[in-house]
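Each of the two complexes below includes chain A, the first together with chain B, the second together with chain C.
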Partner chain A sequence: MKIASGFFRFLLILRRFWGTALASQLEYQLNMLIELLAMLANLAGSLFLLSLFYRQGISLGGWSWSAAQVVLAAYTLLNGLTATLLQPNLSRIVTHVQQGSLDFVLLKPIDSQFWLSLRTISPAGFPEIATGLVWMFYAAHQAGAPLRVAAIAITLLLLASGALILYSLWFVLATTTIWFVKTWNATEVLRAALVAGRYPINAYPPALRTLFTLVLPVAFLTTVPAEALLGRLDWPWALASLGAASGCLALSRCFWLYAIRFYTSASS
Partner chain B sequence: MNYRYWLRLATRLWSSEYAHMLEYRAEVILWALSGVLPLIMLGVWSAATDGQGAGLEMNQPQLARYFLSAFVVRQFTVVWVVWQFEQDCLDGRLSPYLLQPLHPLWRYLASHLAEQATRLPFVILLVSVFFGFQPQAFLMPQPGRLLLAVLAIGLGFAIHFLLQSLVASLCFWTERASALERLLSIPLLFVSGLVAPLDAFPPGARQLALHTPFPWIIGFPAQLLSGAEVDIGAGFAAVAVWIALLLPLLLLTWRLGVRRYSAMGA
Partner chain C sequence: MAIVSARGLSKSYWVADKQPGFAGTMRHFLRRRSKELAAVRQVSFSIEPGEVVGFLGPNGAGKTTTLKMLTGLIHPTAGSLQVAGHLPSRRQRAFLESITLVMGQKQQLIWDLPPLDSLRVNAAIYGIDDYEARRRIAELAEMLELEDELTRPVRKLSLGQRMKAELLAALLHRPQLLFLDEPTLGLDVNAQARVRAFLADYNRRTGATVLLTSHYMADITALCDRVLLIHEGRLFYDGRLELLSERLAPWRQVRVELASPQPAAAFANFGEIESLEGSELRLLIPRQQLTASVSRLLAEHQVVDLEVSDPPIEELIGRLFRQGSLEEPGP
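Here is the complex of A and B:
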């Protein structure tokens, strides 16, 4: 009962947070138009780049043209999610630490990690999320996947688990700001490396494949959900993805609780 | 006397910016690392063309050298003037700069050059590590070629700097020029040769790409640096045309913009 009412309270707060954020963001309509144009150009560019391989009859890691598009679509979806939630929220942690406004966040009668991670939302990524989702299903259909309800449910679950892994890594990196004030660039390195998720993990040489699975779990972000949708996922991979997600989330939680012990505010 | 004055001014400007950049060494290193994309693409290309080399007339060491060169060229052609300028514009810092007897763009240029100098040792380290892992890709560059490549990198940087300054000077009209820069960065990503050598493009797309400024920023210097077959004369001619086109355009936009400028901030 208590858990249910607590959960409900968080939902109510989220609605307020996001309602106000959207209302203020939608004032900038030109920005939305530019975001839309940028998305279209980016999609065209990524497809063109992918076609450079397939027009010569090279298949990336044994994936067909349509199947590789499922991975690209999953990447688009996650990229949209990044622009909508991760980027607007987590990039502010640096500013909060630099300017000392983290004090106010810590004093609020709400969980600080929740506040920092979900305070605002940006509509910039909405088109990418929608396009990514539709494209994923379309490309999987083209690739001849049966698209059963169970497969779709597992895909969505694995996408969510990928998103959680991404969130946790990003949050931990952003949290290191408490010790090293300017780590904005560290999250840029993470973003740059995540571009690897545009291609199926088998498209890389063995050494990079290991790196992108164990060290920087790019494989769980796009390849694993794509395989689930294509109906050819092995159970160990699905379980590994869920395990990695819960592990990363727990890590981000512990790391945050540990880090704020060292926070000494910005002014003297 | 005149040129001595300018020389002294340039060294002072550069060394003050360099001292500034050295303070932010850690960030510059992280920023350099975030240019890792060509090396990721090398992974995809080398696995894709493994054993068959279809379409591309490059063997594995040549491919590795090309993408490593693209990585290096990228490091020294990165431009961020639009963000700095937008910030200076919005904060009102631009006003005192405009009053000084020095075109504000020189200040930004010095800042970029200083940042490149800060990157240099780190890039050399990364390149050595790369060759440590892929010794078969190593090829001693001919000194003449190397000089030409350095020149091409410098000119590629000039094109990119002019192009982005042009977008930045739109700050005089709109407050969000960096949003426009976002659109400019997409063709730079896909048709500059950063993610795929231009030789891999279908002929039509390749011709189209060569008529934009982007391949001259990354692809051409990278080809020179990697020791690939490339038409040196035609390349430098195209670079010269783009600079001759962009420079007057930038100066004109700037002049019109300053006339409109009505200072922001307190």
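Here is the complex of A and C:
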């Protein structure tokens, strides 16, 4: 009962958070239009690049053209999620620390990590999320995957797991601003690493493959969910993804609680 | 039961120690050097519910640091602290619901939207239902004389209107303890007076405890019966505002107009002669000798006019902060 009422409270808060965030952005129509156009150009660019590989007859780690598209679609979906939630929220942490407005967040009777992670939403990534989803299923169908309900459910779960991994690592990097104040470059590195998720992980040389699995878990972001949808995923990979997500999330949580003890609040 | 109780509260920071110029920058980049800076040292005080307490001190005295420890934003280096029955740094829900912090330099209202939108977000966070939120907003808006400002984007509001809206946002959850850090900063005289009147009214109506820092002595004299004076991180004075002036100036100024010019030597044993020009004499007389000295003066000399004055508290504190030292000032 208590959990349910707590959950509804969070939903209401989220509704207010996102309602005001969208209303704020609608104040600047032109800016929104430009963001949308940039997103579409980006999407066209990556599709073109991928098609070049296959036109030249280069196979990416043994993936067919349709199967590779599932990975690219998963990347598009994740990139949309990044533009919608991760980027707008997590990049603000730096500003909050620099300007001391983190004070207001910490003084509210609400989980500060929840606030910092979900305070705002940007519609700029919506089209990518929608395109990514539709494209993923279409490409998987083209690749001859049977698309059973169980496979779809596991794919969505693994996508969520991948998103959580990305979120947690990003959040940890953003949290280090409490000590270093400027860590923007570090999060840029993470974003650049995500770009590696455009292509199936098998397309990379073994050294990079290890790096993208163990150090920067790029494999879990796109390749693992794509394999699940294509119906050829090994269970250990799925479990590893879920394990990595839980671990990273727990890490981000502990790290945040540790870090705010060192917050000095920008002086006024 | 005190609502705020601080014992031996201390906070020190490690701050970068960097020499100017390119060489200094390079050295700093390669080898960071930092030194410990004590912002607050061994501060003890307690505040009873319903009190309005002014927190005085020059820039960098440690006022804001203390306020941030009281609100749980920063962790004390040493000392014990209890606020509204809680340990602030644990930032428990019940504690956060019972306090509020208003900062003149920082704002929580959403810049591009009308204050009402921010208020609805706050209502959701504090779990106040729509009906109750509307009722409270109407009540506070009336006290603050805010009307259609609530439906105008914050960026279009004047500084005074914005501050009033900030106060509304900070008080929506009916905190019993208000921490105000320079709430009238940058406001014009009228707006300052309105904010002050509101705070006095709010304290009377709700019995909320208020702890206020301000650079404007007028805020302190109008609102606070009690002041805490902090300097270089130490608590220098804790008590009634009137008594502070006695402590800062244990003497009074006596201006005397004599019937005819007299030599200075004639007044040497009345007090310290501040000036003597012709028949105009200014004396500084210790408070406890004032009555005796003045009656002797009237008996022994031909006095045309006499005026006893207390130096204004603003001036005393201003002088104190300019001097930057807190040795017992006196004649």
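The working rule: the second predicted complex is superposed on the first by the 266 of 268 C-alpha atoms of A that agree within 3 Å, B and C clash if a C-alpha of one lies under 4 Å from a C-alpha of the other, contacts with A are read in each partner's own complex, and residues count from 1 in each chain.
Note that a contact is a pair of C-beta atoms (placed from the backbone, for glycine too) under 8 Å apart; a residue touches a chain by one contact, two chains touch by 3 or more.
Not measured: the values here are computed from a predicted model.
Peer 1: Pick one for A:Arg55: touches chain B only (first), chain C only (second), both, or neither.
Peer 2: A:Arg55 sits against chain B, while chain C stays out of touch.
Peer 1: Thinking of the overlay built on chain A, is A:Leu107 touched by chain B (first), by chain C (second), by both, or by neither?
Peer 2: second
Peer 1: Where does A:Glu188 make contact in the superposed view: on chain B (first), on chain C (second), on both, or on neither?
Peer 2: A:Glu188: touches chain B, not chain C.
Peer 1: With both structures fitted on chain A, tell me whether chain B or chain C touches more of chain A's residues.
Peer 2: For chain A, the partner with the higher number of touched residues is B.
Peer 1: A:Arg9 in the overlay: touching chain B, chain C, both, or neither? Say first, second, both or neither.
Peer 2: Only chain C; A:Arg9 stays clear of chain B.
Peer 1: In the superposed arrangement, does A:Ala203 touch chain B (first), chain C (second), both or neither?
Peer 2: Once the two structures are laid over each other on A, A:Ala203 reaches chain B alone.
Peer 1: With both complexes superposed on chain A, which partner does A:Asn42 reach: first (chain B), second (chain C), both or neither?
Peer 2: A:Asn42 sits against chain B, while chain C stays out of touch.
Peer 1: Could you say whether A:Ser24 touches chain B, chain C, both of them, or neither, answering first, second, both or neither?
Peer 2: second
Peer 1: Have a look at where A:Thr264 lands relative to chain B and chain C in the superposition and call it first, second, both or neither.
Peer 2: Only chain C; A:Thr264 stays clear of chain B.
Peer 1: Any idea which chain B residues touch chain A in the complex?
Peer 2: Residues in contact with chain A: 24, 26-27, 30-31, 33-37, 40, 43-44, 46-49, 52, 54-55, 176, 179-180, 182-183, 186-187, 189-190, 195-196, 200-202, 205.
Peer 1: Under the touch definition given earlier, write down the residues of chain C that touch chain A in their complex.
Peer 2: Touch list, chain C to chain A: 13, 64, 68, 71-75, 89, 91, 93, 96-97, 99-101, 103-106, 108, 110-113, 117-118, 120-122, 124-127, 153, 181-182.
Peer 1: For chain A, which residues are in contact with chain B within the complex?
Peer 2: 30-31, 34, 37-38, 41-42, 45-46, 48-49, 52-53, 55-58, 60-61, 180, 182-186, 188-189, 191-193, 195-196, 199, 203-205, 208
Peer 1: Show me the residue ranges of chain A that touch chain C in the complex, using the header's touch definition.
Peer 2: 9, 12-13, 15-17, 19-20, 23-24, 27-28, 99-101, 103-104, 106-110, 261, 263-265, 267-268
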